[in-house]
Amino acid sequence: MLGTWRTGTAASPLAEFNLELTSFDGPFDLLVHLIENQGFDITTLSLLAVTSQYVSYVETLQRKSAFAEATAEFLAVASQLLLLKSQAFLPSQTNDDEDISEAQSLADRLRVYSAYRKLAGELDEIQLSEMPLFPRLAVPTGIAPEIPKNWQDVSDLVFAIEAMLEQPEENGISVTLPFSRFSLKQRIDSVRDTIARVREVTFDVVASECGTRMEVVYTFLAIMYLVAQRGVSVRQSKAFGQITISIAEHQD
Amino acid sequence: MPVSEIGPSSSPEPDAALEDLDLELLVEALLFVASGPISPGDMREATGADEAAIERALQNLKAHYVDRGIRIILHGDSYQMCSAPAASRSCRILLGMNSNQKLTQASLETLAIIAYNQPTTRAQIEHIRGVNSDSPLSLLAARGLISPVGRGDQLGRPNLYATTAGFLAYFGIESLDDLPEADLPGPSSDGYG
Amino acid sequence: MPVSEIGPSSSPEPDAALEDLDLELLVEALLFVASGPISPGDMREATGADEAAIERALQNLKAHYVDRGIRIILHGDSYQMCSAPAASRSCRILLGMNSNQKLTQASLETLAIIAYNQPTTRAQIEHIRGVNSDSPLSLLAARGLISPVGRGDQLGRPNLYATTAGFLAYFGIESLDDLPEADLPGPSSDGYG
């Protein structure tokens, strides 16, 4: 059995459902659990039947501000469910077909999700009884490579990067990333100022003022720009480790 | 351009007129030195033998290794040597790996969607799961169970993910055909694919 | 969560009371997966068998592999598998060790990412390139331009790659500081980097 939910505490308003708040991998996981818990099949009707349980779960989740980001996904589905339910109780004169198809489409998506959830459970069982095979980790041995000297120009590396970054336009659609020169320049100035002030700072600190992932990307680009200008140097002692940015020490 | 006299030339003449036994030796060595799956085409190029002879050599090798400490697994149309399942515990000890790092439900769901729909995009995975899947995706990639295999035609040219030979090895199966049978309603056709 | 009875436990007990044939299988698998020479002591630790039995298994394996594509060679008191000398030309071709050939675009991209982000993992390289990079990685390693320098802290402890002294010689530069300036997309902020 795949369930990863834990037993709710007595204090939890959800104790009756035996749910613990952080244990669901998204709104569909919760919905399928609630529906299967009642012994229902996944239909539009069973969606309506579990709406109030679902909503009370999400309300509790919302009170935990640490999960604000996750809550958005739960909330979106909650509002969809509440809308469906209100329409079921107060049949509107118009758009009947549309309402039905919306509920239908949510139920369809849940059925697809539920099928993969079952497969995940089967993979979990193979994983639990796993007898993994190991590939070789070694770099080929016994054949010494001959490395020619001065064989290729180092600028080839840069050409390779440029070629890699060149994004072909598909079907005439050009992808415009939401970068504006102004904000990138702003970001560069801001990072340069920070480093001039404190001489050394970690990437996490610089990125902590970013509200969106795009701004984190900006910040990274700004640092790359400053590195290229030899204004700063960047140290990362291990991959995924802390990146430290400091004023470049110029060798004269 | 300096030409090395002992190194293979840029249009190598592979060993000609190979006896089957010699070819088996070469294919065995190739499977051994390769650090990932290799195709019969790679082997043809490296040995100069014809495809039929290579297929024979591969079948003989697979049969030879069926009860030994090494296995030959098939990933797509490519072959890779791995340790045998019966040796997994000893290998784990030698390699200092502990077995507590099981995949979570989020990772398993993500992996199942990729395994049965490969190649697929993050958007498709998130559409099916109904939840952001960045974190399981990066975890699965870091563990070498999935890897990007190209970019989709959609806006932004998103990465397309597929399972790797390491995925087969992790679950101890010899090819994708050994995956549990799936009863899937089919990917939805609403433009996320 | 159900506990599998055959699954390896978190503190594995090596397989006890091994028949010689089973032990041969284990030792073969250990030699295969090891990233370098391993001693009979390492094998004893991984299998739980006694040294005399391990010596017998090693002698049998050496005899078995004497005319095959893989050899077992002795380094001091440690053993290692390597490809047979007769296959070295084919292996060189497979691994792209043809030193007269310039690096391909795929290899140059991979090398550039490593050079400007070292040490780095396969997952990070693949995330930036958007394609599986096993083959350029093994080619670069075989040509001696990169080498694994340790393992990352991430789950799965992936290899960390860095450039070698041979890399500097190949491009005719004296230190990494002589690398040209490049606007390289660096580690992304979503857990790959």
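Per-chain numbering from 1; labels A, B and C assigned in written order.
Going forward, contacts are C-beta pairs under 8 Å (C-beta built on N, C-alpha and C of every residue); 3 or more make two chains touch, one makes a residue touch a chain.
Here the structure is a predicted model, which is why all the values come from computation and not from measurement.
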Chain at the geometric heart of the assembly (C-alpha centres): B
Centroid-based (C-alpha) most distant chain relative to subunit A: C
Between subunit C and subunit B, distance of the C-alpha-averaged centres to the nearest whole Å: 16
Inter-centroid spacing, subunit B versus subunit A (mean Cα positions, whole Å): 26
For subunit A paired with subunit C, centre-to-centre distance based on mean C-alpha positions, whole Å: 31
Sites on subunit C at which at least two other chains make contact: 7-8, 29, 32-34, 83, 91-92, 95, 99-100, 121, 129, 138, 141, 152, 154, 190
Residue numbers of subunit A (touch at least two other chains): 128, 130-131, 134-137, 139-140, 143, 146, 148
Of all residues in subunit C, those that touch subunit B in their complex: 7-10, 12, 14-15, 22, 24-30, 32-34, 38, 42-43, 45-47, 67-70, 81, 83-84, 86-87, 89-95, 98-101, 121-123, 126-127, 129-135, 137-138, 141, 152, 154-158, 190-192
Complex contact set, residues of subunit A against subunit B: 2, 4, 25-29, 70, 73, 77, 108-109, 111-113, 115-117, 119-124, 126-128, 130-137, 139-140, 143, 146, 148, 167, 170-171, 173, 175
Subunit C-facing residues of subunit A, complex: 1, 125, 128-131, 134-143, 145-161, 163-165, 207, 213, 216-217, 220, 224-225, 228, 236, 238-241, 243, 251
Interfacial residue positions of subunit C with respect to subunit A in the complex: 2-4, 6-8, 29, 32-36, 71, 73, 80, 82-83, 88, 91-92, 95, 97, 99-100, 102-103, 105, 108-109, 111-112, 115, 119-121, 124, 128-129, 138, 141-145, 147-148, 150, 152-154, 159-160, 166, 169-173, 177-190, 193
